[in-house]
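Paired with chain B in one complex and with chain C in the other, chain A is shared by the two complexes that follow.
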Partner chain A sequence: MEYMRLNKKNMAVFIEELGKICEVWGPVKDGGQVKFAPVSNVKDMDLDGFKNSTMSPKEIFFPQSEIMLSFQRSGEGANIYRDEQAQPSKKAIFGIRPCDARAFRILDTIFKNDQFTDNYWFSKRDATTLVGLGCSEPCSTCFCTSVNSHPFDEKGLDVLTSDLGEHYLFKALTKKGRDLLAGISVLREPSDANIEAHMALRKKAEDVMTVQFGTDKVKDKTVLELFNEDCWSGISEPCLNCSTCSYVCPTCHCFDIQDEVSKEGGERVRNWESCMSWIFTVHATGHNPRPTKKERVRQRFMHKFKYIPMKRNGEIGCVGCGRCVALCPVNIDIREVVKQMNS
Partner chain B sequence: MNARTNKIREIAKQLLDKHKVDVVIGFKKGTIPLKNVPYFARNSKEADLLVWDGNCVGNLANYLSRMGDKRSAVIAQGCVSRNVVGLIQEKQVNSDNIYIIGMPCTGMLDSRKIIAAVPGEITEVTENDLYVIAKGRGFEVTMNRNDVLSRNCDRCTVRNPVLFDELAAEKVNEQEDPVRYERIKAVEAMSPEGRAAFVDELLSPCIRCYACRDACPLCYCPECFVDKSSPQWCGKSQDSSDVLSYHLIRAFHTAGRCTECGACEDACPMGIKVRLISGKVEKEIRESFDGFEAWKNLKTQPPLTVFKRDDPQPFVKE
Partner chain C sequence: MKNPYLPYPVRIEKTVIETEDRNIKSFKLVFLNDEDCKAFDYTPGQFAQLSVTGKGEIPIGIASSPTEGDHLLFTVNKMGVVTTALHNLVEGSIMGVRGPLGNSYPFDKMKGKDVTIIGGGYAFTTLRATIVYMLDEKNRADFGKITLIYGARTPGMLLYKDTLAEWSKRDDINYNVTVDRDAPGWTGMVGFVPAVTEQVAPSSKNAIAVICGPPVMIKYTLPVMIKLGFTPEQTITSLENRMKCGIGICGRCNVGAEYVCKDGPVFSMAQLKEMPQEY
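== the complex of A and B ==
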């Protein structure tokens, strides 16, 4: 069946039964933050009033610091290397928002090309089933409809969930999703009215979230035209050049690899890095091709709205989650930036 | 529009029209509730976008050291004016190029407190001298302004600018802080293990975005120790010892210089109370050096930057 229905009264059983198939993750409150974490019980989840996780869920597949391998000194200075990739657990994540799932799809194309596959990303990603939750009430900082998506976008999800009040309606979108739901006893066939309610919810959310900016002129302008626009000085002027926007972003994916070495051996760690940082582009000679925050700020927005679309058939490198809008310490609003790029 | 906003615009227009300054650094209204954006007005039309309300968080002195030779006017409350004094004393700015529009301050709002006090997403916030009203879908909550101030503003004892060329409002009454260092004293009272666990917990949400450093007017080094790669002083990973090293070393660099403006804490996207660390250093300085407070005037230098022959601490001479 494409659609299945769950009475919320049976949510505890649903989570329990999922838990027998694989590890179950969901949104949980952790201090002042909301994050995706393993849950053993429906009560662990923070679904009441849940909007989205504070940090993007990319950290599940691409942690901020990840040990890639370790090495040990032995005998006459020879090093013994050990692959440190853990065998990832099979998991289902409940409550992923469609924007974040689309971000995973973009990152899939970045962590794999015709020559290389990044196993650190894919080993965890492939073992995961995404049970997404459509956004019935998008936040005011959200703008997915302006970046070719919508609050119930199915691309990237294995299952789409609609919150119908008394029930959840599940729509299985992939084999992974169908296989997962097939193992659950408390799912029922939905009524036509349930499916209509889902469609109405989707329509309402799309209507609420009007398109806030266009990207047509960004597409038409050449790279150099955009690069040399006057707007960059003004856009970057209030910027603190911290890395908040990059680190909370679901599609930012740059990293730095460091060997952390002691006398006996060490570990090779990859850590998130940000193009907002001065050190990101400084050369060994001391020359820095992005010497001021103007060049660094320009890079971030050009990457999302020009370079990624150029290389990936028009797909925009921003999914409209709005985390950077909400968390930028000086309120640099990506929507306003793109409006200027598109003017 | 409030009187302070009006007055700022009037002053800014005069300064710009008479070419007394090249730029006026203030705030304009932000794109989301409870946020204003630092704004750089360069003509009288742009001056009309300047605003002043409880959402002007962050320390504008931070931008002064990056303005080069431009003649800049800056809107400065007590804390910001002290940081301007600091930048002048530390020779990061030329005082001839700075015009201070003094702003007696009634404190900035703590957006986290306000967001936590309402049942849904806030779409509009209005305020007056006494109240803050937050509205959203299906709710309207009125709060006492004093209850939702940033913690550093709530306890601020230097609300009036210490140095200014012109004031944009009447001076306000200064407050006492009878329970100064209350939170820090509570941490000091813990066992060493308890303190270690407390600091671990405090810093566990840190994502090392360095917003706390980048929002701080004291942090003007062209290359921060944490960015040095040769030699590399500090590990780059999320290892808790590296995260702690960053925060501790940064706090030490603020010793005798911190004005407790709270820009670090306001900038933190994860809501970490980073002032608990820099505040401990500030407390040590105050207690070791006769109640010293940084940058209250242009003459008194921070104790750690001067040498005195009669220094009471003998280790200096040994």
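== the complex of A and C ==
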């Protein structure tokens, strides 16, 4: 069956049975933040009033810091880099929002191109089943409908969950999703009324989320036309280049690669990096192609709304999660920026 | 699946200090494993990431031509952390090479045409590879007239002096090597690259020009090329930007929508006209 129903009274059993199949992750309170983390019990999860994780869940597949390779200084194989990819554990993640799942899909097209595949991303991604949770009550900072998505978007998810109050309604979207749900004993066939309630929730959320800006002119303008717009000085003026937007963003994926050394050897590590940083582009000569914040701020928005769509059949590199809107210390609002780009 | 981040181990077989300021050194590298050597199938214009354990990686153009055999040649200016560490490695040391990366010079378009190669300073590495490749007896007939214009500040700053001496004796390359001002013992041309280009005046008819050098050289050479009739499509250059992954993922070397590491480093002036000047 495509749809399955879970009485919330059985949520504990559901999580317990999932835990026998694979590691279970869900939204968990951690100090003042909400993050996705392993859970062993339904009580670990923070589902009441859950909006979304503070940081994007990209860190599950793309950790802020990750060991890629290692080397030793002496003995056999000295100074030869070795692959340090571990076999990732199988995971099911409950409560991923559709916007973040769409971001994973965009990142799939970035971590794999026509020549190269980044297996550090795909090994973890492939071992994970995403049980998403549709957004019945989008936040004021959300704008997924403005970037070709909606609060119950199924693209990128393996299972879509609707919160019907007394029940969860699951819609299996992929083989991975169907296989996962097939292992659970407490799922029941839903009534027609359950499915209707799901469709009504979806419709209501979409109606609330009106489209806030267009991107048609951004698409039509050339790179140089957009690049040379007058708006960039004004947009970048308050920016502190603090990089918060990049770190919380589910599609920001830029990274640095560094060698870290110990007495015996060391490791090649990749760390998140941000285009907001001066050092991101500076040449060894001291020349910097993006010398001021104007160029760096422009790069971030151009990347998401022009460069990524140009190379990926119009797919916008922003999913409308609104984290950057909520967390920017100087209130730069990406929606207002795109409105200016699209004017 | 092959991990594109894992460097091949190589041994430094030979090092040569190329220039009188002792800042530019060439490294002849041999692969430790035959299968890695076979996998490293490259074309001039491509680059590789050179690894020094504990220091990191740097993208450097490949200065050898695949026609020269199984070894690789890289010529490195001592500039930052990794290049300095590399300069301090002695012959016999083990290091890493990851690649080949990037596109190459457009040999499919260059075939059957006259080719003018214009280089300045130490941006002559992949141009060396290109000339060696074209002059190879198996390839020479594929190309028309080959013209070389190469300039350095002083005779002592010219790279690959032995190779230059060999080329100067050949009759199938129009050889023009120049220095900025006259120097004791120098019998060759004197003058800046743009002026020498105007003087040599290579024909733009059925021709391709490849230009690499310091920005100021390129700035003053391009108007000369236009005067000679070279269209932006016929004029090719190679860009550099700060890089990390080298495979179009880590997101820093882009110029507009193009990644220098993967969509480049070789672009035509026609392409660059459509791209922001973020390089």
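Definition applied: the second predicted complex is superposed on the first by the 335 of 343 C-alpha atoms of A that agree within 3 Å, B and C clash if a C-alpha of one lies under 4 Å from a C-alpha of the other, contacts with A are read in each partner's own complex, and residues count from 1 in each chain.
Going forward, contacts are C-beta pairs under 8 Å (C-beta built on N, C-alpha and C of every residue); 3 or more make two chains touch, one makes a residue touch a chain.
These figures come from a predicted structure and were not determined experimentally.
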item	value
When chain B and chain C are modelled together on chain A, clash or fit	fit
Partner chain(s) touched by A:N119 [first = chain B, second = chain C, both, neither]	second
Spatial angle chain C-chain A-chain B, Cα centroids [nearest 10 degrees]	90
Touched partner set for A:Q340, first chain B, second chain C, both or neither	neither
Which of chain B and chain C A:M310 touches, first, second, both or neither	second
Chain B versus chain C as contact partner of A:D256, first or second or both or neither	both
Which of chain B and chain C A:S136 touches, first, second, both or neither	neither
Partner chain(s) touched by A:D83 [first = chain B, second = chain C, both, neither]	second
First, second, both or neither for A:E237, with chain B first and chain C second	first
Partner chain in contact with A:Q33 - chain B first, chain C second, else both or neither	first
Partner chain(s) touched by A:S65 [first = chain B, second = chain C, both, neither]	first
Minimal inter-chain CA distance - chain C and chain B, angstrom	6
Shared chain A contacts, counted only where both chain B and chain C touch the same residue	256, 258
Interfacial residue positions of chain A with respect to chain C in the complex	68-69, 71, 73, 78-81, 83, 85, 110-111, 113, 115-120, 222-224, 227, 253-259, 261, 265-266, 268, 270, 273, 275, 280-285, 289-290, 295, 299, 302-303, 306-307, 310-311
Residues of chain B defined as touching chain A within the complex	30-32, 35-40, 58, 62-63, 112, 120-121, 123, 205, 207-211, 213-215, 223, 227, 229, 235-239, 266-271
Chain A residues within the chain B interface of the complex	31-33, 49, 51, 54-55, 63-65, 139-141, 234, 237-238, 240-244, 246-248, 256, 258, 260, 269, 271, 274, 277-279, 325-327, 329-333, 335-336
Contact set on chain C toward chain A in their complex	1, 3-7, 9, 32, 51, 53-57, 79-80, 83, 93-96, 240-242, 244-245, 247-257, 262, 274-279
